[in-house]
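Chains: A, B and C, in written order; residue numbering restarts at 1 for each.
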Amino acid sequence: MRLPNPIPLTQIAKMINAEIIGNPDTLVTGINEIHKVVEGDLMFVDVAKYFKKAFQSAATFIIINERVEPPKGKHLLLCDNPFEAYNSLTKHFSPTIPLNVSISDSANIHPTARLEPGVVVGHQVTIGAGTWVRANTVIYDHTVIGADVLIHANSVIGADAFYYKKTNDNWEKWHTCGRVVIEDNVEIGACCTIDKGVSGDTIIGAGSKLDNQVHVGHGVVIGRNCLIAAQVGIAGKTILEDGVKLWGQVGVAARLHIGADAQVYAQSGVSRNLAGGQAYFGSPAIPATEWFSDYRAAKRLPREVEKLKKS
Amino acid sequence: MRLPNPIPLTQIAKMINAEIIGNPDTLVTGINEIHKVVEGDLMFVDVAKYFKKAFQSAATFIIINERVEPPKGKHLLLCDNPFEAYNSLTKHFSPTIPLNVSISDSANIHPTARLEPGVVVGHQVTIGAGTWVRANTVIYDHTVIGADVLIHANSVIGADAFYYKKTNDNWEKWHTCGRVVIEDNVEIGACCTIDKGVSGDTIIGAGSKLDNQVHVGHGVVIGRNCLIAAQVGIAGKTILEDGVKLWGQVGVAARLHIGADAQVYAQSGVSRNLAGGQAYFGSPAIPATEWFSDYRAAKRLPREVEKLKKS
Amino acid sequence: MRLPNPIPLTQIAKMINAEIIGNPDTLVTGINEIHKVVEGDLMFVDVAKYFKKAFQSAATFIIINERVEPPKGKHLLLCDNPFEAYNSLTKHFSPTIPLNVSISDSANIHPTARLEPGVVVGHQVTIGAGTWVRANTVIYDHTVIGADVLIHANSVIGADAFYYKKTNDNWEKWHTCGRVVIEDNVEIGACCTIDKGVSGDTIIGAGSKLDNQVHVGHGVVIGRNCLIAAQVGIAGKTILEDGVKLWGQVGVAARLHIGADAQVYAQSGVSRNLAGGQAYFGSPAIPATEWFSDYRAAKRLPREVEKLKKS
């Protein structure tokens, strides 16, 4: 997430009761996970084996639980529980506030947009011209919806990331402070769920069409003019380039990359990056031609082995 | 879709700015896709390789983009963009009108039907005697629900078909003008989605029971007393005869036919027509006995090949 | 289900017009299916081949359709249609009453709990301190929700069991009279569905986290600190011990037992009991190491057979 305005490092340190190792006269401009950090961002690390990765990241500020020498250009915030400190900051700068009314006063809804009965719109949501949200759909805080978007009934846009940190036997929740951004001319089916990014944006590219009961995880980026059939699930942070087609009930694992115009046949399970322009099938998904040739070979094999046994 | 009353061909031609090739003194009685046309219907064709199929169809009127001789008994409407012309006609005769109230004034709801809080009922919906619609379910325009039906909470009945035409890189939406028809004694679970037919009806046969999170695509026809378990998805225009059982998370591809009393085990993916009275398994689904025998053979094979290598 | 207070057997017999074979001066304390009965409970049996199982169960009272000698300590209620009689009793003692208001007057909601717009809360629901129910979620009658639970938008807690009895060609519904119990610190995603037990409880253990579009069937018991990813479906009466992880789109069949800390990879289909502490994959799911070794062997096999054919 971007901070509303740059915050002095000393102020951040005070909020989380941390010691500054580095230059206190600097300004923090954003807070992000390691995968998403840019210059000026604050992140956290609490396991020694990830220190190196953190120090090589683009982050300028790192909350850490060990007294070490900061790399050049980086500043550390030393405290006991970096995760808790990080979560308290994202909660402070992007709190989740319960809704008391169906349409928040802070929502910015274009006069030509149509919201049907039962639609709930959270704080600071933006809805563009000509967009139509059908009955009982719920749009969480900070969602940005472009023009001429159609969202069918009972969908949920912007629920929290399914993202937890294991501490002892418990699952501690990462506070979600990202957004959902839906570009122009997108259509979203009924009973879909599109989660916010943990600290960045989940994006549905212009002209893409989602069927019913599609689940899009936190921080997923879908390109332009993609076609996503019913009951597909896409796990967190996966990227689909333009023109990708996922047929019914396909599942895509987290943090993957699917190239432009790739096509994945129904019920496949994508567990690796896929090159664009090809068709895939199976769970795990492989090139469809390979899958069908494997399948035919497997069907033939028992008879061939029988023959060999007799020869 | 049936037109509310027969419309002179000259009037239709004027609406889409088309030239009549054939007899202008005829009446159009319906508008449909090629798969659904009957005598008196209007359809469109815009690719030369499908002209023959269109001319052999039951349609009486064909919007077309090439000046050709009409076959006997057929009349052509010549224009530049038949798809756009077709879509503008279905939109004109069956417009989708946003709801301003939870229960449309034009809905025809039997006095013994019960609608719980948050239920939304669209224009010209019919709901029969003793039917119970639980909280926050949304019923789109023109849906017909019989007697003694139970629909659980947060389901969506009658959302648009997921049906697009590719033009350049964009997906142009076919306007949905069909309906959903739910017969007597059906039970539909929570968070289900049942889409309208594109131009015909999606039908759920009497006595059939659907579990939660079931998706039924546009124009699907489900017979009587079928059992559809949770998270099943059935793609567009597939037909299930009576007594079919689909277990959890089964997916069925589009335009298929499943025979009476067929049973498909959990998570299977149906990619072909299935004969009735048998059990199926796998993705793609094959007869269950064959699947299990293949599976056992495949498990045995590596050891047998090892033995052969040693002999 | 437990009866609100013990009921004399004579009164029960009168309600269902049955003849008592046994001691009429006894008290019925609960009504349950055969899998769930404890001493004092009433159950039914209507097929001779299950009489023995019924007589060996813990039930004290059995509705039956054949005049037989009751086993020691058991009392029979003889009537023509035991299933109908049983269903009429559960309906009588635990009727499903349509909601006229969004929040039932009989709901017991802690003052610190927050319910967003569009939330519907049924009769005799309990909601604990600090619990937050997001917009348009529907909670059916008798649900018990603990403290600090978060339920996202458009979920449905406590819909009816998908549980029918075949009579001729029809599916007769078992009346659902169980509950859903959600313990403290649980998080439930958007568009989830958690069904009531048929006559017992569906339980989500403390600290467990469910992603979006998860389906939990009737009578399922989920332990503490489980992690259930998006679009998972768990069929009726299955038990998950503590710390189980099910990844996206996993399906679990009915009446199974999954041991503590077992982990099931995405899209797997669990068709048998799984021992705890291991990872599983495939449909049907087997130990993941076995699955991958089978997969590699199958990939190698055609080439090996070719070699053998040439040798």
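Note that in this section a contact is a pair of C-beta atoms (placed from the backbone, for glycine too) under 8 Å apart; a residue touches a chain by one contact, two chains touch by 3 or more.
Keep in mind it's a predicted model, so treat the numbers as computed, not measured.
S.K.: Could you work out how far chain A has to rotate to sit on chain C, using CA atoms and steps of 5 degrees?
M.R.: Resulting rotation angle: about 120 degrees.
S.K.: Is it true that over half of the residue numbers where chain B touches chain C are used by both copies, so same, or is it different?
M.R.: Because under half of the interface numbers appear in both copies, chain C and chain B meet with different residues.
S.K.: Where the CA atoms of chain B average out and where those of chain C average out, how many Å apart are those spots?
M.R.: Taking the mean C-alpha position of each chain, the two centres sit 32 Å apart.
S.K.: Enumerate the residues of chain B that touch no fewer than two other chains.
M.R.: If we look for residues of chain B contacting two or more partner chains, we find 118, 136, 154, 191, 213, 231, 249, 267, 283, 298, 301, 305, 308.
S.K.: Which residues of chain C touch chain B in their complex?
M.R.: It comes out as residues 98-102, 118, 120, 136, 138, 140, 154-156, 159-160, 162, 164, 169-171, 173, 191-193, 195, 213, 215, 217, 231, 233, 235, 249, 251, 253, 267, 269, 271, 283, 294, 297-298, 301, 304-305, 308.
S.K.: Give every residue of chain C touching chain A within the complex, in rising order.
M.R.: Interface residues on the chain C side: 114, 116-118, 132, 134-136, 152-154, 185, 187, 189-191, 207, 209, 211-213, 224-225, 227, 229-231, 242-243, 248-249, 266-267, 283, 298-299, 301-302, 305, 308-309.
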